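Same chain, two partners: chain A is paired with chain B first, then with chain C.
Let's look at the complex of A and B:
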């Protein structure tokens, strides 16, 4: 009966369903077909056989991925960096949004916002050029300044420890403009009467922020942080690949799942490693998103993803 | 009303203007250094490093870039045509899909939405995608792969649907239906024109995606005639010898390597940053509408 109804509905609105068709085909080809292709993680891929014709190899690819020692390393790096990124990004975005919301000078607000949004427009390729300009050993800005004070230049591209701090800094640099606009919109949605009442009762700016802005911003913040955590196993690939590239001295400290997979595919592809790592990431990601969505649903049904 | 500046406001202002001002400067500074240094002479950079104002003002790097501009111009043409064709096609089909998902007559619209949305929750991994595109679709080394890989985003389609839900009234479509307009005609004649602001916003996000794409050519393009701008820039930045080949300099010539890189970076960033002031309004709107409730 249901099938009949569906068929009837499709016939009645066949133009509308036809209008949906191009995109449906696109996602079938570029998303669902590769989804089925995830089985190559259990195969010994060869070009002639393709996804379906290659021979099964059981867990060999996974054994290779986990025994290489890379699995633990990239998992740790991906999750570690993402958690730090999310914390820094949220903190700075919220702080800037609160500051800007309280500012009276229109032109200052506008100019600062324009500047902060500028990095959002350029690719990480360009950012990598900036970073190189800043930190290269011979004539980077940092080493030039150190030179003025008679210090020894630092080899930043050769020492992993600096990057634990630099990567979060550049992450915030690129995204703070975007994030602050997001939170600013949430602040603008707060009922102004709350503030007026508070001022009449003699609240200081700090009290207004502590007792009104932050509590009312909390729901948005919690949702965005949870959604961010849902992506904790998907690294900021562009950033890592462009800033670090194939620098072997920094590799252990900065290799994430996404860069590992990408590196195994460019040049002479190593499908075994790439597909095992990709499978591991996709499946784990899916589980995490389901968990996060459950958490969001508990917190506020309206914001759940599905 | 005159606002009284009590002590707490003064302290707060001091903190907020300092922090926001500092961040504003920090985000702007690299762009200034890049621009200034690209107009400096190679010798001054090697001697004293990069600077905020051009030292030994020199156009040498730029004249080298534009002496044999074939490669750069071809990359430009590539990026511009990709961005324009890609954005127009993506907008039309995305809006059309959003319109189907918006129409209440489509009983299964929620299932269709989930069919799209599911692709953002789970994917087959890059290896499987790579094999699909290369081996099963045979799109390697084609213009089409650059166009298609980033063409549609489920998030943008759902954003467009939210825009429609917020700004279109059923009564408009009802009256069009009474006048005898078909579903497709209603979309083209009524919905598309009404969606202009939303299309501008999503169009800008899409265009930016195309302009900044270096990932697709790196994975799928080996033919250097098909390289878009960002990928050419990436190759130049990661390998100085590449810079020489781009400007077709004879190997023996001593190249101003550093300023050449900088000039190329400026040349490939320029258009997007110049357009930025005009785009900003739409971007702010897009971020606000889209991201809080996708």
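Let's look at the complex of A and C:
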């Protein structure tokens, strides 16, 4: 019966379904079909056999990851950094969106927004170049300025403690412009009558923000955070690789799954080993997103993703 | 309504299918007739020409009646003047063998990802630059390349075949099969360091013959040149081998490393017995060299953040920011030119061992391979025969267009044409990635200093040493996991030791060996030694 119903529904709304078709095809081709390639992780890849013809190798491809003795360390680092990034990113994006929404001067609003969005378009390669020029020991801007005041130069690239702060700062600097647009859109969608009623009741700006804007932003925030958690094991490879690279002094503090895999495999091009790491990340991400979604569901069914 | 539309949909689909099928058929039918009609004339022309070129009358003419476009990849970036060179190259190739060449580049930055990708999808690729430093052995053993036989090379590449030492084919074989057309001349490429002679003389430092003599030079630079770092090193591979050169410096015990896995053998030991870095006599040599590096690092002669620096020492040297640059005898040529224009007096320090010897480059350090499944291997080989071994082609792809990119002066030396500087030259020598042509045909450059010309001569005369393992290719396919794990251990624990950025050299060496053993060091060592023994055995029985 249900199938008949679906068929009837498709026939009735065929224009709507047609409109959906391109995006469905897009996801099928670029997201669902390639999933089959995951079997490379369990194969001893060779060019003659290709994806399907190569011999099976069981769990062998996963061995290197655990042999390095760093599997736990990098998993912990990846999750740790991503959670901190996500928290900072959400907090600052919401804060900036609210500031911008409350601003009266249109000109200042637009300018501020443009400047904040700019870093989003700068690639990490370029960021890495100027970060090096800021922080390098001999001629870095920071050490030159310290030198003018007669201080001792500091070796930023040699001390992990600075990077616990620098990395989140750079992350937020790069992404906050983009994030604030999302939240700003949500704020613009809030019914203005709520604010008008609040003003008549004598609410101050801060009270309006606290009692109206933030509660109404909650669903958006939760969905974005959930989506962010879905990527929690996918490290921001570009950023770590470009800013830190093969810096052995920082390595234990800043090594994430992606950089470890890259470093291990850059000399041995092997699709199987690389896919094994991807598989490991995907499975953990899947588990995490199910768990978090379940937790959100317990708290409030409306807020969960599915 | 819906019903009719559905039917119409089926019809359209059918029509499309039919049309495409018909198109396919007609194409198949057409091809032979089309090529048949145009074949007669060019075949003859080519046949007579190739016969006259090889002067071997018995060879049957090679059929080149069908015009083909040969698509292939080189490493690096296309120089600005490439289109002109390609146009000229193609007009010659079209006439000689009825083929054209299409050249694409794999950039350095995405080399490790893009190169294997090209090999998986060899549909349109006819040839690709390959080399041991691009994992030639690994790719070949996984079946990425087409097998080439000596007969094929003899038939399609006669000029090349005549000029090459046949030993090369053996050396470039993997599991007994050849997958590469190796460059016919082993390059005189040995590692060198360049220093600023003008500054050395200015501060009254004695001549520097070897790396370990550098300390007073570095000290003078550090004291007197505030805008310079004595050695501004980077994470670039050529900058990370300074310690090994210091080790080789120490005398009659030149060593060769196995991929930086913490293993080495003495170059002149015919059995090539492997030693771990923590075994004597290797250990004391290593500790001494690492100790020197640490002294220099602590004194500020070496920049602290070398691992995050992306400007390699040679470029920093060229910009006047570093007092030393690391290069090889080929890559340094461009810098000799620009240095001369800037008024540097560049002095070269060949990085050889205490006895003045260095390992001769491998035959597999550059060549052309044909991806498995390529459609025109014969024509590709014919084109490569010309590019590699015919002097006019070779000069064209390596130096560009005569009169525009280079001229030969009255002494027969290579010069830039009047009005062109090394900056404005649209096709600098060596920059286009044709690193597999016959170097023996090249002229000397007018910009080369006497010291450089002498060095090239010395290299050919007495510096190159054929170690016991020349021509051997390691294959660690069965130990992928161990290799990967050891690679990360090397980066984290060995690299800082070799660069002097550790607190205590002894302790750092112990930590590295400890971690390496966990990662599978012993397995790799056993496997490497097994392959070495087998190779030495076959070599001595020959």
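Everything below uses one rule, namely that the second predicted complex is superposed on the first by the 211 of 306 C-alpha atoms of A that agree within 3 Å, B and C clash if a C-alpha of one lies under 4 Å from a C-alpha of the other, contacts with A are read in each partner's own complex, and residues count from 1 in each chain.
Throughout what follows, a contact is a pair of C-beta atoms (placed from the backbone, for glycine too) under 8 Å apart; a residue touches a chain by one contact, two chains touch by 3 or more.
These numbers were taken from a predicted model, which means no experiment stands behind them.
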item	value
Which superposed partner A:30 touches (first chain B, second chain C, both, neither)	first
Partner chain in contact with A:247 - chain B first, chain C second, else both or neither	second
Which of chain B and chain C A:9 touches, first, second, both or neither	first
Contacts of A:75 with chain B and chain C, given as first, second, both or neither	neither
Touched partner set for A:67, first chain B, second chain C, both or neither	second
Which superposed partner A:143 touches (first chain B, second chain C, both, neither)	first
Partner chain(s) touched by A:129 [first = chain B, second = chain C, both, neither]	both
First, second, both or neither for A:271, with chain B first and chain C second	both
Residue contacts with chain A in the superposition, chain B compared against chain C	B
Which superposed partner A:90 touches (first chain B, second chain C, both, neither)	neither
Residues on chain A lying within both footprints (that of chain B and that of chain C)	45, 47, 50, 128-129, 132, 138, 245, 264-266, 269, 271
In the complex with chain A, residue positions of chain C that touch it	2, 112, 115-116, 119-120, 135, 138-139, 142-144, 229, 235, 259, 300, 303-305, 307-310, 372, 476, 480-485, 487-489, 491-493, 495-496, 501, 515, 518-520
Residue numbers on chain A that touch chain B, as the complex places them	6, 9, 12-13, 15-17, 19-20, 22-24, 26-27, 29-38, 40-41, 45, 47, 50-51, 92, 95-96, 98-100, 102-104, 108, 111-112, 114-123, 125-126, 128-130, 132-134, 138-141, 143-144, 147, 173, 176-178, 181-182, 185-186, 204-206, 220, 224, 238, 242, 245, 258, 261-262, 264-266, 269, 271, 274-275, 277-279, 281-282, 285-286, 289, 303, 305-306
Residue numbers on chain A that touch chain C, as the complex places them	11, 45-48, 50, 60-61, 63-64, 67-70, 128-129, 132, 135-138, 155, 157-158, 243-249, 251, 260, 263-273
Parts of chain B lying in touch with chain A, wherever the complex brings them together	3, 6, 8-9, 12-13, 15-17, 19-21, 23-28, 30-31, 33-34, 37, 45-46, 48-50, 93-94, 96-97, 99-101, 103, 105-108, 112, 114-117, 119, 121-132, 135-137, 148-149, 151-152, 154, 157, 182-184, 187, 208, 211-215, 218-219, 230, 233-234, 237-238, 258, 261-262, 265, 268-269, 272-273, 276-277, 280, 283-284, 287-288, 291-293
